[in-house]
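Naming follows writing order (A, B, C and D), and every chain is counted from residue 1.
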Amino acid sequence: MRYAGACPFTLTRRVRWGDCDPAGIIYTPRVLDYAMEALEAWFREVVGVPWLTMNREMGMGAPTVRAEMDFLAAPYPDQDIVMDLRVESLGRSSITFLVTGQDGVDNALFRVKLVSCFIARPAFKPTAIPEAFRERIVAYQKACKTG
Amino acid sequence: MRYAGACPFTLTRRVRWGDCDPAGIIYTPRVLDYAMEALEAWFREVVGVPWLTMNREMGMGAPTVRAEMDFLAAPYPDQDIVMDLRVESLGRSSITFLVTGQDGVDNALFRVKLVSCFIARPAFKPTAIPEAFRERIVAYQKACKTG
Amino acid sequence: MRYAGACPFTLTRRVRWGDCDPAGIIYTPRVLDYAMEALEAWFREVVGVPWLTMNREMGMGAPTVRAEMDFLAAPYPDQDIVMDLRVESLGRSSITFLVTGQDGVDNALFRVKLVSCFIARPAFKPTAIPEAFRERIVAYQKACKTG
Amino acid sequence: MRYAGACPFTLTRRVRWGDCDPAGIIYTPRVLDYAMEALEAWFREVVGVPWLTMNREMGMGAPTVRAEMDFLAAPYPDQDIVMDLRVESLGRSSITFLVTGQDGVDNALFRVKLVSCFIARPAFKPTAIPEAFRERIVAYQKACKTG
């Protein structure tokens, strides 16, 4: 299996007026929301499984169990943020992602590490990442390394 | 059946920093969110049915089908908003609510009219408001009129 | 002055997982947020003035003073919503917009009427729409009628 | 200076329907939003300075520069979450907080570490925590240790 998309996967997000607070910069929790938007899009487009399908048809989920965030510069309204997503490590049930937000030039605005854990519903217990998903994830990792 | 709680039902909400935008006032969609918070609390505390119970155990829902909002003054961070909720009319499947937000003194900040329609899931078709709910709603209306 | 862009102006928004509630459909206040996103983009791209510029450099604002919303069908995760924005009427200080959200085919999902009022800061009093803005708005209206 | 309030400072938050996603549990970024709500309340009530005052009258800010989050259990609608806030360390310009969210019994739901850095506006450069604030923060730390 080969991954034929962009390496790394990116999502561009324009900072909205309503994402910013009275200090004129992005309100902190919105950065996590942006990173989750990149993660959701990556699952849909790279792994090929929308979260709704995973939840409703496969009886699974991949909730975030840990996050680490570094806020390096303060995004402001109308700024375009290019987020790229890399898979840092892949375990039996869990995946560690690194989402980096950059301005159009070459300045990092934030770095968000996300650890997702696959669980079976409704027991909500960790379960192995399905083999079909794992193959696509490994192909993505490989493509990003050599790309 | 008699309603023994406060008339009208109120919910107080302090405006958060993150609810406000770079103009230093509340970001418009948050006002609808506040009104929905009052509605959710009213269903739980006056009708006695949390939305989760309605959805998961009764196979029903009460989505908003129409809203009208008047923004009379601009709330700012740390301001306390007292919202009261009145039932304006009660149909077979639908209810019209009026949520008014006021500052601590006597100035109206916003008025939100919400029309909810009871539906049966998963068909998502209008259904009659369950009799047990209707009794409590009528009791609430009566209490608010005479109170 | 002629308006050379798309008529009507549209913004496409994919419904996010986190925009939806435990009923599996969009949480009501998010629809207003979507409509505001279309409005913000229209000001930036059609009128040519980002809200931040209006606020910080021109000492003005255009807060929403009234909204009316009809929710016609319930959007769900991953659905693409195409919003178009039309100017319904143009006064001395205020503008009435109609934002319609549609699925890719031809079904209307929601209609949001928004009334914005230009104000001068910090007095927060209504003020005439600047002539340069008015010209572009009128050109947009004209283009949409004949287009 | 002595701190006379509750040790640790707590804020209770009921999980809202709209805070939860189609999996029926809280949408991850909302947890950071809850923790920020506790932090905002702590600044206002323990340090005695609302963020708006700090921003508009003192020309300062205390943006979050780093966050670490552990999600231990999945909160669901209507659940009450008791958050307590402790000061883990206090530097010249920065403070490290630990916000723990618990259900009513004794189960931790999440732990959020937040690092805030005081900055002077508009340069947005780190600045020493004002002495009046520092005294109150130290008093709070002391009270929490012996309490």
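The working rule: a residue touches a chain if its C-beta (ideal position, glycine included) is under 8 Å from a C-beta of that chain, and two chains touch if they have at least 3 such contacts.
Since we're looking at a predicted model, the values are computed, not measured.
J.: More C-beta contacts across C-D or across B-D?
T.: Answer by contact count: B-D.
J.: On a CA-centroid basis, which chain has its centre farthest from subunit D's?
T.: Centre of mass proxy via C-alpha means gives C as farthest from subunit D.
J.: In whole angstrom, what separates the CA-based centres of subunit A and subunit D?
T.: 25
J.: In whole angstrom, how far does the Cα centroid of subunit C sit from the Cα centroid of subunit D?
T.: 35
J.: Taking the mean of the C-alpha atoms as each chain's centre, how many Å separate subunit B from subunit D?
T.: 29
J.: Counting only residues that touch at least 2 other chains, which ones in subunit C make the list?
T.: Within subunit C, residues 17-18, 22-24, 27-29, 33, 36, 51-52, 56, 77 contact more than one other chain.
J.: Which subunit A residues qualify as touching subunit B in the complex?
T.: 17-18, 20-24, 27-29, 77
J.: Given the complex with subunit C, which residues does subunit B contribute to the contact?
T.: Those in contact with subunit C are residues 22-23, 25, 27-30, 32-33, 36, 51-52, 55-56, 61, 63-71, 74, 121, 124.
J.: Within the complex, which stretch of subunit A touches subunit C?
T.: Touch residues, subunit A against subunit C: 16-18, 24, 33, 36-37, 40, 44, 50-52, 56, 76-78.
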